[in-house]
Amino acid sequence: MDSKTVLEAVQRGHMSIEEAERYFNRKAYEDMGYAKLDTYREIRSGFPEVVYCPNKPDAYLQAIFLRILAEQGEVFGTRATPAQAALVRKVVPEIMYSPVARTLKLEKPNKQREGLIAVCTAGTADVPVAEEAAQTAEFFGAKVERYFDVGVSGLHRLVSKMEALQKANCIVAVAGMEGALASVIGGLVRNPVIAVPTSVGYGASFHGVAALLTMINSCANCVSVVNIDNGYGAGYIATQINRLAVRGSK
Amino acid sequence: MDSKTVLEAVQRGHMSIEEAERYFNRKAYEDMGYAKLDTYREIRSGFPEVVYCPNKPDAYLQAIFLRILAEQGEVFGTRATPAQAALVRKVVPEIMYSPVARTLKLEKPNKQREGLIAVCTAGTADVPVAEEAAQTAEFFGAKVERYFDVGVSGLHRLVSKMEALQKANCIVAVAGMEGALASVIGGLVRNPVIAVPTSVGYGASFHGVAALLTMINSCANCVSVVNIDNGYGAGYIATQINRLAVRGSK
Amino acid sequence: MDSKTVLEAVQRGHMSIEEAERYFNRKAYEDMGYAKLDTYREIRSGFPEVVYCPNKPDAYLQAIFLRILAEQGEVFGTRATPAQAALVRKVVPEIMYSPVARTLKLEKPNKQREGLIAVCTAGTADVPVAEEAAQTAEFFGAKVERYFDVGVSGLHRLVSKMEALQKANCIVAVAGMEGALASVIGGLVRNPVIAVPTSVGYGASFHGVAALLTMINSCANCVSVVNIDNGYGAGYIATQINRLAVRGSK
Amino acid sequence: MDSKTVLEAVQRGHMSIEEAERYFNRKAYEDMGYAKLDTYREIRSGFPEVVYCPNKPDAYLQAIFLRILAEQGEVFGTRATPAQAALVRKVVPEIMYSPVARTLKLEKPNKQREGLIAVCTAGTADVPVAEEAAQTAEFFGAKVERYFDVGVSGLHRLVSKMEALQKANCIVAVAGMEGALASVIGGLVRNPVIAVPTSVGYGASFHGVAALLTMINSCANCVSVVNIDNGYGAGYIATQINRLAVRGSK
Amino acid sequence: MDSKTVLEAVQRGHMSIEEAERYFNRKAYEDMGYAKLDTYREIRSGFPEVVYCPNKPDAYLQAIFLRILAEQGEVFGTRATPAQAALVRKVVPEIMYSPVARTLKLEKPNKQREGLIAVCTAGTADVPVAEEAAQTAEFFGAKVERYFDVGVSGLHRLVSKMEALQKANCIVAVAGMEGALASVIGGLVRNPVIAVPTSVGYGASFHGVAALLTMINSCANCVSVVNIDNGYGAGYIATQINRLAVRGSK
Amino acid sequence: MDSKTVLEAVQRGHMSIEEAERYFNRKAYEDMGYAKLDTYREIRSGFPEVVYCPNKPDAYLQAIFLRILAEQGEVFGTRATPAQAALVRKVVPEIMYSPVARTLKLEKPNKQREGLIAVCTAGTADVPVAEEAAQTAEFFGAKVERYFDVGVSGLHRLVSKMEALQKANCIVAVAGMEGALASVIGGLVRNPVIAVPTSVGYGASFHGVAALLTMINSCANCVSVVNIDNGYGAGYIATQINRLAVRGSK
Amino acid sequence: MDSKTVLEAVQRGHMSIEEAERYFNRKAYEDMGYAKLDTYREIRSGFPEVVYCPNKPDAYLQAIFLRILAEQGEVFGTRATPAQAALVRKVVPEIMYSPVARTLKLEKPNKQREGLIAVCTAGTADVPVAEEAAQTAEFFGAKVERYFDVGVSGLHRLVSKMEALQKANCIVAVAGMEGALASVIGGLVRNPVIAVPTSVGYGASFHGVAALLTMINSCANCVSVVNIDNGYGAGYIATQINRLAVRGSK
Amino acid sequence: MDSKTVLEAVQRGHMSIEEAERYFNRKAYEDMGYAKLDTYREIRSGFPEVVYCPNKPDAYLQAIFLRILAEQGEVFGTRATPAQAALVRKVVPEIMYSPVARTLKLEKPNKQREGLIAVCTAGTADVPVAEEAAQTAEFFGAKVERYFDVGVSGLHRLVSKMEALQKANCIVAVAGMEGALASVIGGLVRNPVIAVPTSVGYGASFHGVAALLTMINSCANCVSVVNIDNGYGAGYIATQINRLAVRGSK
């Protein structure tokens, strides 16, 4: 319903002024305690709402999981501490918690997965961030393959996986320390690479800044970058790209 | 031709050892003066080779434009100075130079453009980077719409273009100073946003670092970032995504 | 009493030399343990003294709350830990502690609130800083309206509050991560916006530096910035502006 | 005219759908070449449009000065180079150029100036930024007093001006190097201080970053900060505050 | 004894080769466990050895306090934790521990103090660093006066102490947050000011970096700076200067 | 065995296609749980595999120590916590743990040590990093001499060791705070100096960044630098150089 | 004359109120054009006024040299460009310009030099800053010895000058690149070392920041630091210390 | 000749006191104008003196080339501008200038080159720094092979050179932008890799800082790093390692 239709309905008396005002105010959310739950997000973005757990008050955390589950039939939370997982399990006992990825997940049964996203890490310490990306993409409906511990200091590990990587619609490259993985992969594939710097490292890695700079300066053209340790964002964007590849525009 | 096929051919005597060695060495480039021209790139990436002009010696610059034109039937160069443009025009007189975008372009006639990419800028000073992105995407075959000077300090300018932006397969958001454009667009669309910080600004903009940090920290999930002023990279990635949306996987 | 008056009083013998010396030494404070309590501050600034609690020794903390309460009839403390709150309650049992804002407050009864200040946050995690600002302004006598969780990635939330924001004499915009809120509000109102970056975020948010840079580089002209997490300072300045709007100069 | 009024007018047939649509689209700008001129800004902000000159193409620069002059009856430009000043003078011969402040100004005759803003600098090298602030405030209708070269290393210079500074509705404190001026003034006045760090200095002043950090960390509560060398922004905000002090809310 | 004297003594047989070798090897230390105790330091610097406590193994800590006490008749340690203080007290029961300054001190009785050093702080939170400086200077034999909580946001506090400060041979200015104290004092005295930035502050104070930059960029010529929180170094240098003022060269 | 040999063997039927494929895939690793153990590393680098302990899951840690011990007959781990040491000792009881260097070591009996590497530190707080370097080099077969606490503020300590240092094939210089040690040593020896900045220091040492910058800017030509606190890397490179000096090329 | 004396004079009628007001206003400067000339500075600091030339307008530059010369009988300017030197020579023909130190100097004849300051540099590129320091100290009446190009990468150069350095009341250590000179000298002398980082270097020297950090983190206790390239400040402070050593307190 | 021998010679009268003093003063240099020429350097380091040209005064530059040529029979200068090259050619007409590497070289005829150093670059823009490294190593007597433009975004270029690289005693890896080359090479060779970050790049490459951080954080153990653009240092260290490999210790 576009604005012309609304105005014509007002003119013709088919719509009250109050209804029209509400339309123009685009009141696309409802208040819930002190946060605003964005229930129209699925319509707008095509993805269901996801719970970012850090610093959520306990009572609110339980309420939001219950509510989203009721509305969406499934629910996914990121960066949940074990204590938060225990709290949520009290009200959603069947939810799964991954201590590595720090995710809380309860999916609709028999969800179909489409397309292909590859998620790679340079080392084993990067796996938590990579798993957050992979599980996000899976929750949003993408098929994911994992290639962990294929960092550039042992190049044969990466090269042996190259044909597999070249089949993915999008590659998520997760690396800390010097973060060179994204550039090397980027030079070998034809689809976009989403680079995720991680805070893995010490000294002059500056908690992920070195890897971030490496990736932002990548000489491979197909590399774009998200925030340090932002596995969720990478999984989200990879799913957007994968969805376009599978379903085409709109 | 995969490695098993090659080895069977060797075993059967259908291929000489020298040919097989060449295969396994993947000699996918040829030397040309002191740089290595990557003539297989089009096959690997699906995109033709593009000339990054800065610091190229004059003689080499002319040679590389001529050679790529001969091989590809078209040629595109970025970040060319007016002096470089004049040099190239001596050997490729019909090439077009955009002093704003600093691009040199000679395209195949009647090239078809597919899909849709939107390129936005916050201000008019961001236009050179945005034009580099737009022309890159056009050279690689994408249809591009431009929305310039729609920065967040005058929000009505952006809001009035929202429906148009929502139709694009990928949005390139180009902004300097505080770089908030990408976040605002990201909250309103369902496809990926490639954010390009620019060096526009002064003082604590630190030549684009402030905008880069804004974009990397975007609260909108669909935003990934390329290097400061990297219009070419943004146009390249947007085209990859657009290509997937139009043609699907492979 | 200006210096000429004092000197004439000395000349005429109406004032002793000791009294005059005291005047010229402007002995506007008295020593109290190892810190100097600024009892003339209310006269100079128009605002009562406020207690900044961090690192205050326990005994001194109790003493200073008691003394200010005795002198001013009310008292307000910021950044108090729960342990400090418990300590102060032992000597001022009726004081209120806000664990979210970390404030300790005992106000004069029936305090009138004047004018209007709007306090906004981008997300729920920014609320503690925003509450510190709001309560500071309220303690200093301003009327405050709160608009929390109206960040730019869901623009409709902010737009629906715009008319309310435009009525405020000063808007305090509190945001972490990429901090774009201040710019967007700044483009829509005609009164000053005090921007408060918060340390909310992770990775390249650098504990609030990214938001600080965004706000300092704001393309909206009416934005000025205080330190990261400095809700108190923002509330203080907003009250100064609100006071000028209500009472005029002097 | 609020949205309810518009809708009622549509309902009653007093307003056409096209007119109402235009209202809701808030089409508050018109395209002019490749930039969007914000002609409704004066209504929204209460201030006329000002031209930020850097990097404006020559032809556009002349056109925009002419157009604003035609619409507003006066025009003000900042950061104009001498070459740009000469260009603009060709089409607006009576415009005044200040080589120190780099401003171009043509004001309505007999403009009344209201209230009081004080503009201070630490040294003489900070004067260009201070003059930009002062002239901006004057163009927007404020009365301005200048106190230049009153830096803290010769404290008597500042102290002797204190009574004058205490009368201003807003003080703009402009300083480079270590930028301590804002804190010292902030401790002596009761109205807001807008601090402007300048790029004056050398070595570890980092082109104004040291002064910016000093000001952001000011122990005086009434100090808020704008970007390095941003005299225009400081003058703008000071005028907003001064306007509130003189005219009150709305 | 210079090298010529030694060599002549060797030539004349007044000194053995072994003694001369020892001279030329300048064997000015002896090994003690895994650290090298610099027992000649008092001769070289004129100051006794001082113990920097952090990270010293427990057994070594006790041994070094005992040994220095035996050799020097007094001992002084800095940055001692309460646990370390308890450890040292087991072997040197009469040693005094200051929990504020984190110093351990046992001085020779009836030590004379000479000259005058002033130690100032901006706030009360800077006192621990200031006390470290003051006690260091006192241990090394200087007379010290303390002026705490005289920061620039309440300028009258500082101005009233000015005559006292002007009598000191050296002033130590200790300040965190914006660190403006050193500049203001520096403009009012004729002897050197040693500035000590402290890590007091939050947000963009960056644990003392803002104050360090302020002080390094001081517009007052007489200010030189030591490391963040380095009270010991400031007390050491102030004593060197005070010693020169009292005793003259050599 | 080079690729020509393999291909000839295939041609002559001496090698199966499967074997040849394996050769060309360079399948130089095997999967083990979620990490890839690089068992060919010793052949490639000439050094046995070493275990970097941080963040290794407990079960995996025990398994990897056992496996490497079984394959190599000895095993070496770095950065092991005391808790990890206890865990590993449960399965390899005879392993030695150094709480200072945080290394776990079980060496082949009667290992010969060759050549000479000198490891120096500026202070005693740098010893843990230096010991990691020294023990790494010893495990890899080098002879090591230690010169600890020879920092530049007591130059005689270093000068007296100069002749010894000049005999080493490689010198590892370990220093925090201002990190000047590497430059001074570098000016006095003829073989390479590997500089290791440490995180020792406080304030503006920025956890080793100051020392890193000092070393990277060294005016001595023979200094190259590894990451902050990277004793292992320095020991590794020093052993490579020492091995070349003892055994020559290949 | 202290304030009590003044007030008694007023009481007794020996001093007019106007005179007393002037006293209390401490009107210690007079306006001159747009800058405030601090003619009482010599009384306050004991040093004559010095002209910092950068960015001084031409006419003002000539006027200020003439005026100071008239008042003080001598004049000294720093950081003068050759063009400024030519300008000043037009009005003060006998003034001397040093193109290396960028100083302009005209001294009183037969000025006596007292005490001893040593000025050292690490390399020849540091000489301009060192000469600024040395000439400043000489202008203020100190005796100066220069030791240039004695950097730590050739330690024998420095060691051979050690006895000479140990005689100075203050040592100025000027160094760029890694800036280790100050620490090494600081470990060998008993009087204060003023360290001046210079912008000499490239790459990660960051225009003097690396040297600044080295010096601020110096492990030698007697080192304090001034701004990058601030030879004037170092010469000023060294003269203050030298003056105390020669003349004692006051 | 050690110190004991000297002292015995003095004791026995075989050596004069003056000769012995000279020995102990280690007067290993001679003054020449305002810089100290280190003529003993060849003995100490095994390498001849090299001229670092930037900022050398013209007359001194010519003198130093002539003098070194006279003493050493050959001469090598780095970072010479074309103007400096022309100046030197006036006095040493047969010297060769490389405008790419900015080196000036006149070598002894028939110099033998020993061992093998490989010098690699990521791109063609890194060649100037690489050539400086290569020519330095050649001047010091090493055999050098160059592998330019083998960056990681086209991995086949690097892989095809791998066997050649594995034969070198030391590899110099020169790269700007993201600097990943060193890590990839480091994972494939058994000898040390000296990494040289270059200032090639734009935006967030920060003039080489991004590449420097990448290399310092390299996950390949054999990588150590020199300053940005420091080709000379890399060539120097590579030659030291190569010399050890060819000639062994001492």
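Worth a mention:
Labels A, B, C, D, E, F, G and H are assigned to the chains in the order they are written; within every chain, residues are numbered from 1.
Here is the rule we use: contacts are C-beta pairs under 8 Å (C-beta built on N, C-alpha and C of every residue); 3 or more make two chains touch, one makes a residue touch a chain.
All values reported here derive from a predicted model rather than from experimental measurement.
Each chain gets a centre from the mean of its Cα atoms; the one farthest from the centre of chain F is D.
Of all residue numbers seen at the chain G-chain H contact, under half occur in both copies; the interface is built from largely non-matching residues.
Just one of F-H, G-H or B-D has an interface built like that of C-D, with over half of its contact pairs in common by residue number: F-H.
Here the CA centre of chain F is 49 Å from the CA centre of chain G. Each chain gets one centre point, the mean of its Cα atoms, and the points for chain E and chain F are 38 Å apart. Each chain gets one centre point, the mean of its Cα atoms, and the points for chain E and chain H are 42 Å apart.
Inter-chain spacing, taken between the CA centroids of chain B and chain G, is 54 Å. Touching of two or more other chains is recorded for residues 25, 154, 159, 188, 203-205, 209, 212, 216-217, 227 of chain E.
Touching pairs of chains, sorted by label, consist of A-B, A-C, A-D, A-F, A-H, B-C, B-D, B-F, B-H, C-D, C-E, C-G, D-E, D-G, E-F, E-G, E-H, F-G, F-H, G-H. The touching residues of chain C, when paired with chain E in their complex, are 25-29, 34-36, 38, 41, 54-56, 197, 199, 207-209, 212, 227-230.
By the touch criterion stated above, chain F contacts chain B in their complex at residues 3-4, 7-8, 10-11, 13, 17, 20-21, 24-25.
Only residues 122-123, 151-155, 159, 177-180, 183-184, 186-188, 201, 203-206, 209-211, 213-220 of chain B touch chain C when the two sit together in their complex. Across the complex, chain A meets chain B through its residues 44-46, 115-116, 167, 169, 188, 190-192, 194, 212, 216-217, 221-227, 232-234, 236-237, 240-241, 244-246, 248-250. By the touch criterion given at the top, residues 124-125, 127, 148-150, 154, 156-157, 159-160, 202-205 of chain G touch chain H in their complex.
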